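Below, chain A partners chain B and then partners chain C, in two separate complexes.
What follows is the complex of A and B.
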């Protein structure tokens, strides 16, 4: 089982190559955090992770898929419905796995 | 419908599933079928109706490897009436720890033939159709169009995008699984199938809706490079068979299923399996993630998609290009590089000064063999340490193994195939470990692969 994040934090789970890149399966980050800032936050901690892992990964919050807004296509609507990662949430970074 | 096969030798007479029976969807099970499938027929949700759907369906398994073998065993056992298998490879010894449909005695045989031999022993009733070829943009639509449902058991990303695209265009549901090293993924795509471009309502997503962009090839490792645990890929293949059987038995694979039970698959989910050999705390985990529906702007199935079968056949899109990014043009100056042979020669002749030989392969690779005197510093750990030094100014020397040497002792770096080592050389210089050029930091060209080829043919290189 994944440990509960400490107060004021959320958990990020790293799957497949995200796990190899960070050498972690899980870590707690300070909440709240707007979803659109998630990749910046991770890039700060793990230089190069955006290009190697994040850009092609899918992201879930509490086991449900979310669209991570990318700089290119931000419209008013998207800004209004901004998703904020809350304390206690579980975020997962899921890169595709291709072998078989 | 015409049955097209490259090689008809494996098609059975399929006792009990002859076409002479008038109503294939509502006939009596033969005594053999009854006996053979009784234990699953009585499971709630299957029944005679579900069993007949299985018997009358045509399923395509693409890839007869770690996923395809277990997947094929269970769909064959369950009595899917026609099972096509696509694979252009032959059985190798290194396959057998996970590809349980083959055998030691069949090494060298085409995988499709080997797997069909196995399946015929398990259940002779289905028709097995071998396609002993690699799936390509040219043949994909011709092969896939002969079937009702597709299982993607392949081992590379370009093929995954190709199969998904063709399934979108031909409106075939796709059960896609993948696995590498210690993790696996499974997702049902395009099910129930809806026409390309339809985005009203909750249409099922395709592979591109989930994974829009491929990762850079450098970050994707194959089973040959990263390794794979048999039970991990086996679990995914078995789960894949479970989904395929469920879809067929419930008739969710049919486009015109107006009366089909409208359940479960409306909300597609991605199953993630993680297996950890190193952590006693989390030995394994399953997570089912709720996925979104079809994306409006999806390249393949979205509303303005221009993808066509003709286009795919004529090379548009170019899958190989899509999945490959220009190789990183790392160019260390020649004086910072040495061939494996030259390094060996200089060592033998005593021409090399005292030096540190860093081997940046992962420790499991290192454990199988190394150059005398090499010190292991796994690349992932190296990158972590380098990042830590930059971030919070840990002492630079931390990155080197604790070998008592002078600050100008040269460093040679070797890896598996010669890419990581070049990056390591650059990083070490960046961190100032070259003492402004006083200390030589040198890459061994081509890594341990070159060492095996140029110096020690008996080296057990993986």
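What follows is the complex of A and C.
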């Protein structure tokens, strides 16, 4: 369904309000990318998306929910455990759900 | 996921249904109209004394504003996983014989079923309880989104509740109705997150 990202890239999927804001369902971004830089990267491309969408969305990487840290550089232990989005990963922006 | 899981990612074009199945639990997503009989038959068991069936249908208004149609979209592999997690945990908790949950995707015309949940249990009390819990957990967690298209134009993505999955802390908005309503139909709970198509 979702096309495989080109070499050196990962896919980010935009659902619901994220898709409306970006007018895309999916796009490929350059990898690797530290997870803490994801929202900055998207904000650069889609001005205002952080306040409108990202701040009340969750994020998954390869179908697992992850905590998105603040954009500030971390040090010591935190830096060693930092999540890096890798080539070929599937990232998704998950706005508040509304099934039923 | 357990090894006995089955999945059919490449389903036939006339029956576009993806599902997971495991130990008395069946969860599915489909763009076809839902069938009450078939979801009931999925949980039928000689050990069951009760089958409770819930059908959520799409309503023609949101707070009095006429709704032309509803359209559902999903992160399908994740939604199926979450549905199966809910189903298998409720099956264990309430000692169910079976639990089936099917959500329709794409455009669902007003008045049609958008979700069916069938639960079978030895006794009715457990089936009632599990059926309600299954719906509430589904509405809270399953990665499916509903867009209401209004009769006067424009559309809005609904959010079932605030402060939970899909909503980060510190960003809660007023007005979310939260869980506990239990009518489960297409446009009752929650509030809109974003208006589009208004130009």
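Rule of thumb we're sticking to: the second predicted complex is superposed on the first by the 89 of 100 C-alpha atoms of A that agree within 3 Å, B and C clash if a C-alpha of one lies under 4 Å from a C-alpha of the other, contacts with A are read in each partner's own complex, and residues count from 1 in each chain.
The rule we apply is simple: a residue touches a chain if its C-beta (ideal position, glycine included) is under 8 Å from a C-beta of that chain, and two chains touch if they have at least 3 such contacts.
Because the structure is a prediction, the values reported are computed rather than measured.
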Original post:
Superposed on chain A, are chain B and chain C clashing or fitting side by side?
Top reply: clash
Original post:
Between chain B (first) and chain C (second), which, if any, makes contact with A:97: first, second, both or neither?
Top reply: both
Subject >> Contacts of A:47 with chain B and chain C, given as first, second, both or neither >> reply: first
**OP:** Kindly classify A:15 by the partners it touches after superposition: chain B alone (first), chain C alone (second), both, or neither?
**Re:** both
Original post:
Does the superposition put A:39 against chain B (first), chain C (second), both, or neither?
Top reply: neither
**OP:** Please work out whether A:2 is in contact with chain B alone, chain C alone, both, or neither, and reply first, second, both or neither.
**Re:** first
Original post:
More residues of chain A in touch with chain C or with chain B?
Top reply: B
**OP:** Under the contact definition given at the top, report the residues of chain A touching chain B in one complex and chain C in the other.
**Re:** 1, 15-17, 20-21, 52-53, 55-58, 60, 63, 92, 94-100
**OP:** Report the residues of chain C in contact with chain A in the complex, numbered from low to high.
**Re:** 56, 72-79, 81, 103, 114-115, 135, 138-147, 157-162, 164-168, 170-171, 184-186, 189-190, 193-194, 196
Subject >> Interfacial residue positions of chain A with respect to chain C in the complex >> reply: 1, 13, 15-17, 20-21, 52-53, 55-58, 60, 63, 92, 94-100
**OP:** Report the residues of chain A in contact with chain B in the complex, numbered from low to high.
**Re:** 1-2, 15-17, 19-21, 23, 25, 45-47, 51-53, 55-58, 60, 63-65, 67, 92, 94-100
**OP:** Write out the stretch or stretches of chain B touching chain A in their complex.
**Re:** 63, 65-68, 153-157, 160, 177-181, 183-185, 210-216, 218-223, 226, 228, 233, 236, 270, 272, 274, 276, 279, 282, 285, 287-292, 380-381, 384, 387, 390-391
